[in-house]
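Listed below are the structures to be examined.
Two complexes, one shared chain (chain A), two partners (chain B, chain C).
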Partner chain A sequence: MNNNTSKYSATQGIQHEEALLFEHAHEAPESIHLPGVEGAVPEALQAFMRQQPANIPGLSEPEAVRHFVRLSQWNHGIETGFYPLGSCTMKYNPRVNEQVARLPGLAHIHPDQPEDTVQGALELLYEVQQWLGEISGLPYVTLQPAAGAHGELAGLMMIRACLDARGDTKRRTVLVPDSAHGTNPASAALCGMHTVELKSGADGRIDLAELKAHLNNETAALMMTNPNTAGAFESDIKEICQLVHDAGGLVYGDGANLNALVGVARPGDMGLDCLHINVHKTFATPHGGGGPGAGPVAVNDTLKPYLPVPRIVKDGENYYLESTSDTSIGSILSTLGQSGVYVRANAYISAYGRQSLYKIAEDAVLNANYVLHRLKDVYHVPFEGVCKHECLLTDELQNKHGIKTLDIAKRLIDLGFHPMTVYFPLIVHGAMLIEPTETESRETLDSFCDAMLEIAAQCEAGETDLLHDAPLSPIRRRLDETQAARKPVLVWPQ
Partner chain B sequence: MRFLPHTDTDRSAMLESMGAASIADLFADIPAELHLERGQLNIADALSEAGIVRKFTKASEKNRNATNTRYFLGGGTYNHFVPAVVDYVISRGEFLTAYTPYQPEIAQGTLQALFEFQTMIARLTGMDVSNASMYEAATATAEAALMARRVSRKKRVVIAGSVNPRYRSVTANYLSRLDGECIEVAMGNDTADFGTDMDRLIASIDDSTACVIVQYPDFYGSVYDLAALRAACDANKCLMVVAFSDVTAFALIESPGAMGADIAVGSGQSLGIPMAFGGPHLGLFTCKQKYLRQMPGRVCGLTRDADGKRGFVLTLSTREQHIRREKATSNICTNQGLMCTAAATYMSLMGDAGLATIAQRSAAALQMLVSRLPDHVSAAAGAHYNENVISFANQSARDRFLNIAQAQDIFAGIALEKIDVHAEPRHLLVSTTEMIEEADINDYLAALEAASE
Partner chain C sequence: MTIPANLKYTKDHEWVRIDGDIATFGISDHAQEALGDIVFVELPDIGRELDAGEAYAVVESVKAVSDVYTPVAGEVVEVNDGLEAEPEHVNTDAYGAGWIAKVKISADTASVELMTDDEYTTFLEE
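Up next is the complex of A and B:
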């Protein structure tokens, strides 16, 4: 693949093997110099002393730095390359946000110190709470949910509480389109509800007839994503919400795809009752290799009484935490939320401001359509029409050459790109869901599209071994996931 | 806008290439009445980068923080020392801006760090296996209760009243919409009851009980023996779940695993993660090997690649929501991945010796403080790690002290009723770490004296 190095960004580079911490076999060096009271351990604790050391390997500082820096170099990140993961919104994470989140008055404050000593922090969180309400069109916001799925749980708890308050205690069915994220049915189950799957229409959207057929006096909610996970806007959204409301249910919005709508249109105006927002997607806080995220939930007047506590409220010029409420669903976290994530989100929204926020959605949608347009003649497009912030392709045209979505994804790695989301949504066979985000240049998009076209050409030319063997360039090739699951080894033996 | 690479020329050229007249064409599928007028949301005006730094610096300066105040605050969040290297490692873009490692060939860095994290957490807690994190301690406790119900195929959950009230309320909240009871065993209201009453707890277990949840050291900092509880759990075929709030304890005192825990959950915030006003922190989840397939959340496992080289992948995904949907072991998806990398870095810098030093000094500071308390305040008796309740004659005496201490740059403790709403308003939950020096304790005691005058 070396003949590609001039065209794509991938390179063999300097790649170091790096042993496990536990294999750096020498006696631990002198312990790090620590502050504190060098007094005696209390007599009363003597009976409880640990008998066997934990066997945590201690490295000197230079060794530890090199170990983790080398590990870091085995990772693809947004800062190292394009990351077109559909429904994940891997956009650039501004560095100034990291800087301000580390200010001592924001990083080194305790959640239970007196409220008058954290007014600056509360002000920033309150502000972002209000802004999320404004952006979603659902004015009341809880910052407590720690991630999207946690927000789903909070939202469904509120919906259930609202229905119970109406005396609708038989409503326990949540309608979920078959294109939904897997967290949706899992969250419903955790909330003591069961899901009924709605089969998507021929255009990948919610089929109104299918929806009507399933609405009844047991319907608690419709849980939907708009734009949906095929990247299409549910143009019947107002009618959908009306149908659910007329049937006595509520509408829950999964905000994973909010990036398509920021500053352009608002879920609250569409008739949704509730929306969780993935701050780590739409509002550019770093994914961190799997987290942390934040999953605030925005609701309308119907659900406001049921918001979790504590909530930040403003009284004149002062901010405080409201910790009790008769109708609240209670607490779902031990603190008020992932404050550090919200500090970054505040900085992000501040950078765009009122004037420019809509440009996020506009450029995100422009980029996705541009990629769709460049690839649509070579890859199968299951649903016609413009897409929103992500576009959906399948491997149908490549299947006849024995090439599957997984092969295409792995070959992209050799060419210097992170693969797109694969095999999701489940409503099409061999899905490839591409979300470029607004922070990618035309140059990068073209390079990615060139790579996709080259892979398709290699399929046509019968160069299938190259694709089946991919990736060849990273530090590890395809990993045996079956073996990992059959005989799980999750810790290094002592 | 500095985060957007396109010029208007780029945008026009891209639109033209796809035969679109304007951006509006791409939004034509959104009904016209739903379109917002651009730039009209009620959000502050855009700030330059310098403006952002100024705004946040100003907000930061309004907050008292651990660089200018001595923290005797705990209750689940602790001011331990964070070495510079930890923040450096998690600031590296390759860790910071990576997604969940679903493409393992280009995520071996995150995956190996997770494997090292899981190994060190299992060792520190004395448990067989660890997952790759939960959000924080309260949700980890709730997930432990749910897991115990699956493992035991029973539905009754018993939780000690000496478990952090926030962990209890979140757990009760999670369980309240499912069949089965969640019984809280009250520990009494006297000062002497700041601890765990094992007899009461054991009396509440029956053969329909799925699990008993205790905290060790408990919410009041008390350290106690779990052998009798282990025996009672065995007799009733129920699981023993041990929660904890400061995992550094297990570098000094016996681990949950050695005490016989089936599942041990809690906070790993003490392992190099700043307090950050409540998050992001780190939820730890560990269990015995035999319960592995009922464990919630992501896990990283060892395997080989196509060339036979050692490598790591996320594994056991058939438990997870994206495969199992409504039958998943949990709905959790995004976790606290970066905090695992932070904790792994922290532990490798400390090693056994450093962790032991931290634990000894955290305990020694509390011991020094408690042993020198004046007569007008009292501390709960018994063995404590780095947290204890000190009690005043009445609320006004306590609050007078809090104010005097704060004026001398000391946060002297958390008013107990703030977390434990049923407590009389005359107690303080006091916590120490290695960040407390002898001089700080002297100042604390001086403030106590001043408040009594």
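Up next is the complex of A and C:
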């Protein structure tokens, strides 16, 4: 490992082996004092009386705290090191956003409070709603969807409602490029439609002839991502949208890759009708791990009548909720949306401001192309040309030494980096999709590229055992993913 | 990688063995190698009528979930139940214990474009 790599490496510190909580347990819990039941247990609840004591592990508070802190040290997060997971936009979440979200006036309010007591919170949400409309070029926004896939469903429900209102009840086919994110066909199926796959052209983009061949009077929508999952901009986007519209369908955009466009180009201007936005990607709210998500959906005039209700509306200086609509698809969340997430997104967008938002996309695209440029001579590049916010490589040149994408990814763990997205998109064999985001400095990018070059050199030098055995340094070595999928152990004790 | 001479192959890397009016389907050695370790195979229902080119099964590997397409139209008469417990047969014996379904070939003998072993070898090299 060279010095530059180890400088940014993140997996060399002390790591304690850690037993399960139940294996730690020594006696009756010391730190838990339950008040017991006051009075007689109501007759109706007798049937639910516990027959045996609850199996609460006996641990002191410091033991429990150490357990979870130690486990957390097994993690690799954006706070630990570089995390170039393609199509996931693992950008740094600025701490100031957390401070804002924890302000008591925002953190301690209740979704059911009267509107006139939460005007400030409604204003913050309304601002995000308007800004996302401006950024996407699709002016009308619902903040309700609780995740990207939920946004996809909401968008498709609106498209279906729109087609039904037109009497187009035979339109149930959703065209999905074979490079699409896996949630796309699932969302379409959940909405009572069926998907037809479009084969990508030789350049990884949508093939216009293939698109034309599949457009007909059953086409409900095209569901696409721009830039696509090969990191390439769909340069025929205007013609693509025109073709779909001429055929009587609508165009749904998966906003997962919005980081490449934000502040520079607007999906609405390209001709899309609908776009969901992954706030946790583009707007730096906490990512994954089961935290609350948000997948707001922006639409144009065509779909506006079908937006979920209630929506926040501004009247003079006051904000209120508009809950009635004859055409709306209804409510898709019991609240207005994940307000804590949107407060963070508001802080993030505010920090950049309208004039500087484009720097996000500019730096994200620059960083991806920098990585592509440094690696393109030793890793196979399936699609030539500049990329957008992520670059796609494959393991083709390493295959002749018996080294595959998985080996390269595992070796990166040894060198202190989270692996890139592997084996996705499916349109190339042995895909490695690298998305550095705008977060990273040139020094960090160089250390990652040095690590990738070192792996390629080890491969060429025939040090393939090292690569097959990787990772060597973390507390867990290469996991048996096959057995984990075939025979998962989901409960303790066995 | 093996490509037995007694089978026919499709561009989507399925193989088919035709024996009278019964056709047996599976995925090629190349396909299983590209997919990696198979962890689940979703089998079609017996009695289902399959059109040529229609997706009839799903194979899930640690890398990806992929549809498997019908080489020759027909009615499903038997499926390889053993794959439910041991999907790894698709990896270890793609042309034998890894077979997926058998169909009674339809009267119109509709099929997708089928290749001989030599043609499939050339196809893979391109």
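Keep this in mind: the second predicted complex is superposed on the first by the 444 of 494 C-alpha atoms of A that agree within 3 Å, B and C clash if a C-alpha of one lies under 4 Å from a C-alpha of the other, contacts with A are read in each partner's own complex, and residues count from 1 in each chain.
The rule is short, and it goes like this: a contact is a pair of C-beta atoms (placed from the backbone, for glycine too) under 8 Å apart; a residue touches a chain by one contact, two chains touch by 3 or more.
Since the structure is predicted, the reported quantities are computational estimates derived from the model, not experimental observations.
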item	value
Partner chain(s) touched by A:485 [first = chain B, second = chain C, both, neither]	both
Which superposed partner A:209 touches (first chain B, second chain C, both, neither)	neither
Which partner, chain B or chain C, touches more chain A residues	B
Touching partner for A:188 - first (chain B), second (chain C), both, neither	first
Touched partner set for A:429, first chain B, second chain C, both or neither	second
Common interface residues of chain A - those touching chain B in one complex and chain C in the other	182, 424, 481, 485
Chain A residues within the chain C interface of the complex	182, 422-424, 426, 429, 481-482, 485-486
Of chain C, residues touching chain A in the complex	34, 36-37, 39-40, 60, 62-66, 87-88
